[in-house]
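My questions will all concern the structure given below.
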Amino acid sequence: MSVFEGFRFRKVSSAIHNLDPRVKFFYVCILFVMAILFTKLLALVVLFFVPLPFVFMARVKRQWLRSLRGAAFLAVFIFATNFIFGYFYPTAFQEITPPIDTLVEYLVLLERAAAMTLRFVVLIASFSVFFLTTSPDHLGLALQQSHVPYEFCFAFTTAVRFVPVLADEAQTIMDAQKARGLELERGNLIKRVRNYIPILIPLIVNAIRRSLELAESMESRAWGASKKRTNLYSLKLKRADYLLVVVSVLMLIIAVYVWLYVPIPSLTALLSL
Amino acid sequence: MAVIETRDLTYTYPGATNPSIKDVSVTINKGDFVILTGPSGCGKTSLCRCFNGLIPHFYNGKLEGEIVVAGLNVVDHKIYQIARHVGLVFQNPENQLFALSVEKDVAFGLENFAMPRNEMRKRVDWALQMAGITELSERPPHELSGGQQQRVAIASVLAMQPDIMILDEPTSFLDPVGAQKIFEVINELNKKLGITIILVEHRLDLAAKYANSVIVMDEGKVILNGTPREIFTSEEARLIGVGIPKATRLYQQLKQHGIQLKNVPVTTEEIANLLREVLKHD
Amino acid sequence: MIEAKDLHFTYPTGLEALRGINLTVDDGEFLAVMGQNGAGKTTLVKHFNGLLKPTKGEVLVNGVNTRDVSVAKLARNVGFVFQNPDHQLFSETVEDEVAFALKNFGFEEVVIEKQVDWALNLLDITQYRKTSPFMLSGGERKRVALASILAWDPQVIILDEPTIGQDYQQKEKLQQFILQLNAQKKTVVIVTHDVEFVAECNPRVILMSQGKILAEGIAEKILTNQKLVAQASIVSPQITQIFLELADLGLPTDVIDVHEATKILLARLRDRR
């Protein structure tokens, strides 16, 4: 499950961690838009380096790299699909005409596929930084202050709270059934799927029982007493947050300008000159 | 002054053929420390849920008889209205904590009451202090031990400043040392803050010394209701299978063999003192 | 026979749970593993059926190294009853539940039927044969779980915290049941922090603290040793505490049982007369 490590929040104190999640999300959305705007490899390479200062400031380099590693499999798949698609339907891309036979044309196709792959990686990289530096309760708070109904925010934070509990429980259930002779690795595909029934049923039943107990506890602590709840914490935008907003908007303006008026050369063109 | 009064209370869960509580009539006074005990399935958990309104409002089913808690008729008031006066701490600490930090959990009830933030902050800090867990305020519940989690649960109920606190087997999952700590916290709440306590427990060895009243239930009915000394020496309690404290059992065994101690002991200190008298005098 | 030789175990998270355990459990023994929560009790017994394998040192069950066999194989001889029956119940009927392990071990239909009948009868739950285990009360579910482990008649039975949530009568029944199993030459290992329960049974006790064995011996000697009790952060049985207060009057300090206590006191008082 190490690919998920690239998205799990770690409690570290850094300037990035302290930024308001709404602002961070805005920034990630801008990156998203910019990644969609550009199709040229050079532009996307530039975009790839944009989240890097954040990664280093937040000291989440190792986990961030893990998210990239997790994305690697899908990235290869995207690269292959784009390459093959481009090979058979080159008119989809404006620069080359069929049939593909010169080296230059292959390079253009490669560059195209690499650009699409890099776009995907940029998206993963940006979201990874977001999730790595935003604690789930900060996220829940951001949702709440963004006027998402409290029931959803509560459901979200409670679900996150119980993830480690459910993981432990799943392990205990597996142990209990293994101790009764259940062998999870044996047998053909069908048998293996059936072997998971003694694991899933207790897990689900206990989850339901747990929610009932939680509901009792919530009711007993006056759930629903007021139409508008107050909150122990509140997110306040600070100077750093405004700075990030300004930076993001500037980035977007520059990007749109470049997209409209600055022709970005392809790497192949640069190299063959 | 009575804070809880029930008269012929009878309750049947939806779909059940037999009532879980039958003709229960009890009076609990302000400042009491009541131990509610009895064999598994005797109805004590159901009775607790009547005291804070979960029965009948959460569980539905058929509730007959009268029940008045903190001056409110339970049937006519919503659970959140009763929650201003009655707090309920459940058996499993894990399933009572739903926030990602301890202090957020403690604030939960206050947030529901729409308390202003600075008042809430003071209340949360106070509750954490009373439960002895101030240093844990920012920790996530998953990292805490069972005993710590249970203290968070108590703090989160305490923060709402109820007049009555009900604790349903709060030490089930704790070892004896952890259980002892919890009972001490609960006792402080009773003796220092005057909160009426209703404690459902099997481990009478550890809890008996704090109570001034014991109610024993069996098969939905209240069989015994009196002081700890009265209850623990009664034949009926022994027959029902209540876990009588060892100190009282020793007293009874000696009595059977002709040695009568001056008083009925409930704690180890009490019987040690009584034995000392008898052994020295001879 | 179960042997642990210089057993070390560290969880993947880095927690060093067992730090050099040397232990022998003889056939037919009744053993209580005690210590406060977190001392390593459950971690230790999970090595006896191979659920956990040592990170250093070894565990031998009837001469077989647990590293060399699967959990299913070890489970044939070592039955493990988990603390929470809801972690294993998943079948449509109690009958199916009790038969589960027997089916996993490949017993013949005829044998399975016989064993199921026997186990249901033993735990006094024959009347629930066709009932769904989820419809039963807590205590009944515990009995179903126990029956499902005893069904294949393992030589060793491990019970993890069997007294939690049990009322006085249920504990008495459990005590009688364990003594019955022991009388049938079964090895019984219980993990518990319930000092009073152990005082009533007076088994051999292994006292653990912080991953090591502090002491072992008969309950009478271990639970009355104040130094050990303090070191392990447990409490002495109530009777012991009473006699401890009267130690200056020359009363023995190693009493744990009510009847024994009565006898001693009566003898003392009659002496004086």
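Labels A, B and C are assigned to the chains in the order they are written; within every chain, residues are numbered from 1.
Criterion: contacts are C-beta pairs under 8 Å (C-beta built on N, C-alpha and C of every residue); 3 or more make two chains touch, one makes a residue touch a chain.
Quantities reported herein were computed from a predicted structural model and do not represent experimental measurements.
When every chain is reduced to the mean of its CA atoms, the largest separation from chain B belongs to A.
Simply put, of A-C and B-C, more C-beta pairs touch at B-C. Once the centre of each chain is set as its mean CA position, chain A and chain C turn out to be 46 Å apart.
Rounded to whole angstrom, the centroid-to-centroid distance between chain B and chain C, based on C-alpha atoms, equals 29 Å. Chain contacts: chain C has no residue touching two or more partner chains. Residues of chain B found to touch two or more other chains are absent.
The touching residues of chain B, counted against chain A in their complex, run 49, 52, 54, 57-58, 78-81, 83-84, 87-88, 90, 92, 94-101, 103-104, 107-117, 120-121, 124, 140-142, 156-157, 160.
On the side of chain C, the complex with chain A involves touching residues 46, 49, 51, 70-72, 75-76, 79-80, 82, 84, 86-90, 100-101, 104-105, 134, 148-149, 152. Those residues of chain A that touch chain B in the complex are listed here as 135-137, 140, 154, 157-158, 160-161, 164-165, 210, 213-226, 228-234. Residue ranges on chain B touching chain C, taken from their complex, read 38-41, 91, 145-147, 169, 172-178, 180, 202, 205, 241-243, 245-247, 249-250, 253-254, 257, 259, 268-269, 271-272, 275-276, 278-280, 282. On the side of chain C, the complex with chain B involves touching residues 36-38, 137-139, 164-172, 193-196, 233-235, 237-239, 241-242, 245-246, 249, 258-259, 261-262, 265-266, 268-269, 272-273.
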